[in-house]
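Look for subunit A in each of the two complexes below; its partner is subunit B in the first and subunit C in the second.
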Partner chain A sequence: MEDTKPQLLTVTIDGIAVEVEPGTTILQAARKIGPDVAPPAMCYYQPLKGSGGKCRACLVRVAAGSAKDPRPMPKLVASCLTAVQDGMVVENTTNPQVIDARNGIVEFLLLNHPLDCPVCDQAGECDLQNFAFDHGKATTRYEEDRRTFEKKDIGPYIQLHMTRCILCYRCVYTADQITEKRVHGVLGRGDASEIGTYIEKAIDNDFSGNVIDVCPVGALTDKTYRFKNRVWFTKPVDAHRNCPTCSGKVTLWYRGDEVIRVTARKNEWNEVTEFICNTCRFETKKTSDWIIEGPTKVSRSSVISANKYRADLEKPSFGKRLAAAEYKPIHDERDMSQLNIQQLPPERFAKTLPSAVEPEP
Partner chain B sequence: MQLTNRAKQVSNKEMTLAEKMYLPAVVGGLAITIKHFFRKKPTIQYPEVKKYLGPIYRGHHVLKRDEQGRERCTACGLCAVACPAEAISMVAAERKKGEEALYREEKYAAVYEINMLRCIFCGLCEEACPKQAVYLRHDRMVPVFLERDEVIYGKDRLVESLDDRYIRKNSEVATTPTEPSLTRSTT
Partner chain C sequence: MTKKILTEHINVPGIDTFDVYRQQGGYTAVEKALKTMTPDEIVEEVKKAGVRGRGGAGFPMGMKWSYLAKPEGVPRYLVCNADESEPGTFKDHYLMKHIPHLLIEGMIVSSFALGANKSFIYVRGELMYVIRILEKAIAEAKAKGFLGKNILGSGYDLELVVQPGGGAYICGEETALLESLEGKRGNPRNKPPFPAVKGLYQCPTVVNNVESIATTSWIINNGGDAYAAIGVGRSTGTKLISASGHMRKPGVYEIELGLPVEDFIYADEWCGGIRPGHKFKALVAGGSSVPILPANLALTLANGEKRLMSYESLSDGGFATGTMLGSGGFILFDETSCIVRNTWNFSRFYHHESCGQCSPCREGTGWMEKVLHRIEHGHGHQHDIDLLVDVSKKIEGNTICPLGDAAAWPVASAIRHFRDEFQWHIDHPTEATQPGAVYRGEMALV
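And now, the complex of A and B:
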């Protein structure tokens, strides 16, 4: 009998080997290892079919194509679209060529970006901000005028700032998935390309609000939340309600006792897994509408966790890992039995620091 | 019995009348007093006279206006998140048509409050501000307050008035790339 289970492929990313199923992309394999290794993604969005390959933020170098053909790939490849092969060796942050390419990508993405972060509602949870913070420069070499567009309203709840758009096509794929007809797309070419709804037609779909969550920048924003507050002053709380159209699982963003925004829940890659309907998002903004589950876990490095004090806040494990790595056990060879002292329990003589042990997940 | 040979013989002899008057010491002390009487006085008669505290003194907060008199603050909240004492709070509002002469950006601070009881005058808000809107004046201090309801300074006391502009010449202050004057983007 042959084993019906598909053979697992071994990939090495930044020196860390991981076993994945055939058909997995490099990005997904890297995400399986952890956030330190995962390449940044501006356009790839796992729940959206067909997304990826547009922004080139996730470029990696493949140092060995596979175990059978260990030649390196000639150019950097987009890790969100390239499937892994057995014995593949990928260099992500360990390769200066990749870092250099990413610095260039940031510069290109910011060419026409208005840099109006102090005004933009997305600031604080913006993928482009994070990406530019990791890879960008503080100055610009661009001297021409940036492209400008008028603000546009897509339906009664969504506002489009085309100036901020990086043309990742995530919202287009979202609109394609939630509707039968094609109502949302990119018009024009090159510098003049523009996200648009045909003949200024508003998306009347019940799930159209999800384009706000999907947008990596502040191009599509919630009009009911417009300039209400900065994200780092609001408190995210997980809640759910019985919704006939969607799963009803959301994050409520509180300012004091007031719900000022409702979004879908995002995973650690900033991706929405369960899309929510417009009724949940825009029309039920009272605490009494929801069943509160508890505070949302916010990453310690996120600005949203600033000025929020919680006992169970997870501290970064970096300090503990460093202490564990630098800890030298003390070689105390003295014969304790000869000293006429009270015998201490053996755990008092533990050779490793209790704090140096990795916290259990 | 003598333990060491460092012991000293003391005499208990009574002083003479001239010695009892301590005249040289009294005259010497008086001379010092008279010398100080004619000296230049180091005391500054605060609050009538105020000392210059230097160009980097961190005093009264000011919300700057730009060259055209528009408020620079765009209520981005970076000062409030940088503030270690959590003294700053604000409410943002959208600029309406016709208010372009009042506010520089499409968003502005409708309410901007600093709690002066909480403020520790560290200047981190000034450092955090991407729009060069909030400054701590080097020439003015926050006055003493007597009532608790005087401590929360709103925009009425923070925004600089056009006839009392605050100018600080500091060549080290560079504009950030997010400043519209540098990037030339219009929103």
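And now, the complex of A and C:
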């Protein structure tokens, strides 16, 4: 038996050594170490074949290619696609060049992003929000008009906000690989390229709803959940049902006693492991339809779960203090984010604090 | 007269027909290769010739051929990249239009060397008439038994397909070209795997420029060593240069690599000098994507020696004082040209042609274009120049394909060498936006 086992490769990422199987990418190896070392991924999605390499958020520097050939790689490489070699040394957060490139990527992604987080349903579980919080700046150097698109209606279940799209192609791969026929793709090119159906056509098949889950931003959102609530006020609960078309394993998002949203279950990297059908997602929203398994126990590192939105992290400005003085707090159990249940280790705060809070002038 | 390899017979009337081309010694390379040589011997000759890729990157062609994976039972492909769309480059167009059989002969020899039984010529969609010329030439060659089944009784089969592209610049990038050829959206692929391992339809593929393939027939006829004797150092052979801009005689010229830039510009045999009454201001030596150089640096190296038309000499001094030979799009500017406007124009092109796949290029090219547009039209801010440099740095090297670099280099180099001109545009917006207004401050005119 021992002979058939592949030899493990040792790769060092940010000074932490980890042993992985051959063929593993740098990103997967880093994820094995933990969320503090894992590079951000905006377009890479493990369950989707061929995804990755597009957003360039996961760029890392390879300081030594392998034990045999310890030369560094000349350019930053996309960690989601680069396979590890034995003895490879990777610099992720420890390399200023990588951080600089990543700051640049955030800036580029936000150039044409409308920044309408306050009205966006994705806020709170948005990859771009997390990424921008870690690497972005509070100000912009961009003065020109942002690109806009003509609105497209793609059916009764899915809302397309093309302005928010970062063109990660995840939904295109989903449409290709999960659903029966490819119904939408990318049209146009450059910063005018857009996700859409070629002829104005509703997306209609059993698994189309999964594009909502794979979307890293709020470009594809659930129409049945639209403007219903904020993510952090809702309580995720694992549940399942006997579904003839899919696995039926879902996460129900409760507000009080009411199921207001159904999504597929995601792992700690925000990746869906088992895709669900539209009937489960959009049409089964009664508690009685489901067999409840208990609260969702996956700890995802997002802006909210890391408590980066905590009010006391920031010294309130005069305007905020005035507003606080005039504001009468209403006691509501929903004020507490349910995502905060799983606290992250305190080192994480220490790391993000100095850069996240800028002193007031 | 310098040695001419590709354009030797280009002025012979009727050279685009099979019979005339054959009379001028055409298709002898096919006969020689198929009857007397093995594929490995041809690869060896091309390696000896040291011919470097003429599409822009300058990667040794023989090396590229030898990297081709040869697994059993999997077809191999040769694709000719005739999607020439770099602003300032028009040599392949010229070659295919006038002497199509040269390319076809090269394709037969190269396909035989690589063991490809189906080869493609991917021509950009705008050149429909060139596609017709090529198709006519292929039909002629087929009728004479130089294409199709059992060529010249050697048992080797080759089918040659001319495929029009949709007219996107990005489809000149080899992996985007392959995607486009497969009928998909022309997005560059992530590398590795390289096309030599997984290319067209996931089979080993070699993608070569028109000019590179066209040289192979001469190499077969005369030997790799004879080819290597032409040129200078590692830049062997001849190169087609598409000369355009403010010169007396723009056009396509075949030069021996190693010719001094000064001779090329001023000698009557080639460009014939700057147009009368004007002075030489700047030079883009290898198509719009390579760094622009001011006149003094274009003619001499940083150490005062003459700059030569070769891969090494043009890139001498890195990007601080050098540029690249690229695809040979030689654009010359006199003192009436505004570098800011020109940079904006190049930038506009890259913004329009970015495929939109990876974020730095998709967003960055548009941003640079907008900032340059603003400066050119008198709305620039003091911090805009530094902003442009910063944006170009954040694009460069962080993208999937070299289009990001190609968009960043002209902007970065224009600011590196002509910063005063940008500053003048920002400081004197009213003056700078007058029709025909050009910076007349201190600069090195020749």
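Assume the second predicted complex is superposed on the first by the 290 of 361 C-alpha atoms of A that agree within 3 Å, B and C clash if a C-alpha of one lies under 4 Å from a C-alpha of the other, contacts with A are read in each partner's own complex, and residues count from 1 in each chain.
Basically, a residue touches a chain if its C-beta (ideal position, glycine included) is under 8 Å from a C-beta of that chain, and two chains touch if they have at least 3 such contacts.
A quick note: this is a predicted structure, and the numbers were derived from the prediction, not measured.
Colleague: In the overlaid three-chain picture, which partner chain does A:Ile291 touch, first (subunit B) or second (subunit C), both, or neither?
Modeller: Neither subunit B nor subunit C is touched by A:Ile291.
Colleague: Is A:Arg146 in contact with subunit B, with subunit C, with both, or with neither (first, second, both, neither)?
Modeller: First partner only.
Colleague: State whether subunit B or subunit C is in contact with more residues of subunit A in the superposed arrangement.
Modeller: C
Colleague: Have a look at where A:Ala67 lands relative to subunit B and subunit C in the superposition and call it first, second, both or neither.
Modeller: Neither partner.
Colleague: Of the two partner chains, subunit B (first) and subunit C (second), which one does A:Ala17 touch, if any: first, second, both, or neither?
Modeller: neither
Colleague: Within their complex, state which residues of subunit A touch subunit C.
Modeller: 52-57, 59, 75-76, 78, 81, 100-101, 104-105, 107-109, 111-112, 141-144, 147, 166-167, 169, 185-186, 188-193
Colleague: In the complex formed with subunit A, which residues of subunit C make contact?
Modeller: 168, 170, 185, 190, 351-360, 362-367, 370, 374, 387, 394, 397-400
Colleague: Using the touch definition up top, name the residues of subunit B that touch subunit A in the complex.
Modeller: Residue positions touching the partner: 74-78, 80-81, 86, 92-94, 105-107, 130-131, 176-178, 183-187.
Colleague: Considering the complex alone, what residue numbers of subunit A touch subunit B?
Modeller: Listed in rising order, the residues of subunit A that touch subunit B are 114-119, 123, 138-140, 145-146, 148, 163, 226-230, 232-233, 303, 306-307.
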